[in-house]
Amino acid sequence: MSGPMLKVENLFCERDDRVLFEGLGFSVDAGEIVQIEGANGSGKTTLLRILSGLSRNYEGEIYWRGEPIDDVRDQFCRELLYFGHQPGVKALLTPEENLRWYCALHPSLDASRVSEALEQVGLRGFEDVPCHSLSAGQHRRVSLSRLYLSDAPLWILDEPFTAIDKRGVAAKEALIGRHIARGGSVILTTHQDLQGSSAVRSINLDQQGGT
Amino acid sequence: MSGPMLKVENLFCERDDRVLFEGLGFSVDAGEIVQIEGANGSGKTTLLRILSGLSRNYEGEIYWRGEPIDDVRDQFCRELLYFGHQPGVKALLTPEENLRWYCALHPSLDASRVSEALEQVGLRGFEDVPCHSLSAGQHRRVSLSRLYLSDAPLWILDEPFTAIDKRGVAAKEALIGRHIARGGSVILTTHQDLQGSSAVRSINLDQQGGT
Amino acid sequence: MSFNSISEFLTMGGHGLYVWLSYGLGLVVILANLIAPLQAGKRLRAQLTRRLLRESNGS
Amino acid sequence: MADLLTNAAAEQAQIGPGGLFMATLRRDLMLSLRRKSELVNPLIFFLMVITLFPLGVSPEPGFLAQLAPGALWVAALLATLLSMDGLFRTDFDDGSLEQLLLSPQPLFIVVLAKVLAHWMLSGLALTLVAPVIAVMLFLPAEGMPGLMLSLLIGTPTLSLVGAIGAALTVGLKRGGVLISLLVLPLYIPVLIFGTSAVQAAVTGLPLGGYLALLGALLALGLALAPLAIGAALRISVSG
Amino acid sequence: MADLLTNAAAEQAQIGPGGLFMATLRRDLMLSLRRKSELVNPLIFFLMVITLFPLGVSPEPGFLAQLAPGALWVAALLATLLSMDGLFRTDFDDGSLEQLLLSPQPLFIVVLAKVLAHWMLSGLALTLVAPVIAVMLFLPAEGMPGLMLSLLIGTPTLSLVGAIGAALTVGLKRGGVLISLLVLPLYIPVLIFGTSAVQAAVTGLPLGGYLALLGALLALGLALAPLAIGAALRISVSG
Amino acid sequence: MSDKKWMPRWFYQLASPRWCYQICGKLLPGFTIAALVLLIGGTVWALLFAPADYQQGNSFRIIYLHVPSAILAQSCYMLMAIAGAIGLIWKMKVADMVAKSCAPVGASLAVLALLTGAIWGKPTWGSWWVWDARLTSMLILFFLYLGVMALNSAIESESTAAQASAVLALVGLVNIPIIKYSVEWWNTLHQPATFKLTEKPAMPAEMWLPLLVMVVGFYLFFAVTLMMRLRNEILRRERRAGWVKEILLSNSAV
């Protein structure tokens, strides 16, 4: 693959008359981790939602594999895995039922490996417990287990390590490392330091905003 | 004050036939930080809810300043500040309105210092924005600002640093340090390491559970 | 004895259906209230015993 | 920096129970007014019912007049019941309820304030718009005082009793037709006395007896419900 | 470990749109059945209305029979409307809606499946219990076919139109746009044709015309609503 | 703890599940025999020997099922509420279990009262159901039972479920006087009370004597089924206690 996977040019966004970033430009290559940094309220989540296509409240250009993203929305969705602030786990369903629906929703998720993925995030034995009686960390792990199932090249992760214990964070970091090694790329935010990973490029939004 | 503030003896709790801890005993003295550790789902939140009196699903004894906690519930509530998983912030109210209600609810919170506290958690300028348009970290900061207002000797904090940026975490740690220095005590859980603080005693729940 | 014949007893002066339906229902309710706890008790004991044996063998 | 709380300081805390009552009342009213939309907003529901009936059933004045006392009371009852579930649910979901239970202030004060706020936006609002709607449904003018009085005395009981059901079910993730199953049986006496009062008023019979019964129910509710609600909340949260 | 997705692999993805439709239908039905509760559970609501009417209004068979067609249709309409708000709200709150919008599968499939699930537990369920309730309200037997047919054809339109309103308002935390204000005007034609059909059936008049009109509304809704719902969802989430 | 001092000894013992389990076991056979004798004897008397009513004819014989079940349904509710209150206040586990065991029995008796009443209504009033105050309040009682049972099964934690249903049962207690006085407050179709403490029954003795037998028989029968349920419940809740394990193992060894 030639050229960057995702390229952003001259991005501008404001909320409630407060400029979050302007003239923001960067690109994400295959095999790269980009960490968005910034204080609380600096606009990290806003940026990730814009990149993933959820929010259209911006000005500027975004290119996916060289083409304007609006022209290749379908292809882009197919190659994207997004993990947002709200993990998207239904409290009334069991972890397994939750995952099966995700597999139906997104072709890049492999339905045959669901129980394997649940085991890898440490939810063996909880497959048929409704998610509302899981602990905070276990709840998020249900959604994180999609990372083990996904073949999508681009991962956009918004604070994936929240509420996860240290062993879990290390495992997720290793997983991200493997994804990079396979030629995928990752855009993430986190307030913790990434320990193991090597090729991390960070973009700081604190200098971007206005007041 | 002589003797420990809070003393726990022979605590037992199970959920769904899974023993979370049994025979647990420890005490918390004035000027001490106790960190509850354990993997996701090991029962930290459950323990904190039991200690604070929210959950009665346990067997064993808890003493507050030497007396069984059920006999001095009122006094205990007066001297306790609890910060749970869910921060208890109303999305439709502004940070200031939220805090004012808390001040009415709990006599240990000082209503005259509300705007000062909001400034200290970095929410100056957001006083009259409804909380639903705050970022994840700012949302939790609204509830954390109660720490700046409270005179209660015992703080029970369940993952207070979630979604808070590094500068914010450092400030909260300093605040906890000052609370300790004044003779207060803190029971908390967090999956991050406590950096600055000195007198931290940890209790690990991973060894406690059954299967 | 307020009836002279079996058939008179069964028809109850035209109200047989109502009376017998009621007494039938009464019988059903009483029997159900005896049988249900008996059976539940049996099942419970069997289940608890099985679990107990399994646990005592297991450890 | 201030010293830690001592017992002496606690005694003279600035904000007493009265302050808490007012603060909670203000907060709950503010929340409801800001949310405006709320499909189960009792007034909206009430108005919907009243517009739909003439359209769906029959626009004849005579028929509507006969329907009016019952329809108004049924609508008031449903409106209360439907809005009940939210009374503690949002507080439970966002963690405010935990904070409320850990407050050293007496629980029944907050509970009463919340129920009062709920009633002001459901029962009281309904009572105030009821005459307008009754006119639209051609209720004879003689029925008006009976209608308003019975709603005024009856709806607080609905809110109080409904709050018990809401408190009992707030912790449940699944299984909550419950609240209607739990509460509806207890509403039926109020409904019966209420409509009887209106019908008595329409036909010119004395309605003091019905109002007295409604008042007795209200007194009972005011005395016991706050305790039951408080206990139910503690039980639900501890589950 | 498997290779990253290539375009070729994407084409032959295992689960196609049909699979997604079924999966979503199953999931939504499962969710509703597990929650059992849902105060606004249409069936419960329907039953409540039907028990309260004889108690509150009048237990006379003649009067109830006259009331029945309209009351049944009004109850069906309210039940649908009240349950509508939850259709996308829970998905929005827990983040599932974002995932749904980011799926490469066509959005209208998921939307249709969700509306179908909603209808099966509201409109369809109502249609099936309607005869029982109609008997309790002493509706003459001749009205039965008209009642069931009109409900069967009319309620899907209610669900489809309601879903547009739900999608438009799902992102609003506060906000004056009321789902009921948006949707109610669109419901009124259905209500009028529906009750007319039942009344025609009761009096022995032909009801084909009314049913045809209801059918036309349904066809229009099926063709346009899914697109409108999809667009509305994208707008609401991007806000 | 200190406020328990004034309680009599049997109250402590009642609080012990083990003692309760054993005493129920001892009482059961005697109660069962007495209940069966009274019920069968009463039924035979009611069906064969009691005179027919001069107005209602033989349909009157339904009273011998209808009234006992209606009375029992209410008594059972009161017992459930009182036991629930004891469980709430003194945290007595056995009381919780009694309350939980009461609900299904009471519900079935309420159903019986409703159905027999409905059946009786057809020949006497000409319709199965009228929206009469006593009928309605009895229906409410049935719904209250359903509510208690539903709440009990909806909450997973056993102690929480017991407490929550106790609160509900106590609240529902207001319905009992309503049932009782409904016949006096509203002018209704339904008969007023037959038995009053202050007056002699209006019925002739050969009519109300079998009724009395049936009522006592129903009470005994209620005690029997309640004790059976209670024993099950004790076993289930105390499954981790040593004495339960002993009982189970000694049974399985035989």
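Just so it is clear, A, B, C, D, E and F label the chains in written order, and each chain counts residues from 1 on its own.
Keep this in mind: a contact is a pair of C-beta atoms (placed from the backbone, for glycine too) under 8 Å apart; a residue touches a chain by one contact, two chains touch by 3 or more.
These are the chains along with the protein names UniProt gives them: A, B = Heme exporter protein A1; C = Heme exporter protein D; D, E = Heme exporter protein B; F = Heme exporter protein C.
Note that the structure is a prediction, hence the values are computed from the model and not measured.
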Query - Least hop count linking chain A to chain E through chains in contact - result: 1
Query - Comparison of B-F and C-F by number of C-beta pairs in contact, larger one - result: C-F
Query raised in the report: Which chain has its C-alpha centroid at the greatest distance from the C-alpha centroid of chain C?
Result: A
Report task. Indicate, using Cα centroids, the chain positioned nearest the centre of all protein chains shown. Result -> D
Query raised in the report: How big is the gap, in whole Å, between where the Cα atoms of chain C centre and where those of chain E centre?
Result: 43
Query raised in the report: Just curious, how far off is chain D from chain B if you go by their C-alpha centres, in Å?
Result: 34
Requested in this report: State, to the nearest whole Å, the distance from the C-alpha centre of chain D to the C-alpha centre of chain E.
Outcome: 28
Report task. Go ahead and note the Å separation of the Cα centroids belonging to chain A and chain F. Result -> 60
Requested in this report: Any chance you could list the residues of chain E touching two or more other chains?
Outcome: 34-35, 55, 173-174
Report summary line: Multi-partner residues in chain C (2 or more other chains touched) are none
**Report entry** Junction residues of chain F, two or more chains touched
**Finding:** 136, 156-157, 160
Query raised in the report: Residues of chain B touching chain A in their complex?
Result: 15-16, 38-41, 45, 85, 122, 126, 129, 133-138, 141, 159, 162-169, 191-192
Report summary line: Counting only contacts in the complex, chain D reaches chain E at residues 34-37, 39-40, 44-45, 48-49, 51-53, 55-58, 63, 66-67, 69-71, 73-74, 77-78, 81-82, 84-85, 169, 172-180, 184, 188, 191-192, 195
Report task. In the complex, go through chain B and note every residue touching chain F. Result -> 16, 56-57
Query - chain F-facing residues of chain D, complex - result: 161, 164, 168-169, 171-172, 174-176, 178, 181-182, 184-186, 188-189, 192, 213, 220, 224, 228, 231-232, 235-236, 238-239
Query - chain B-facing residues of chain D, complex - result: 1-5, 7, 9-10, 13-15, 19-20, 23-24, 27, 30-31, 34-35, 90, 93-96, 98-105, 110, 237-239
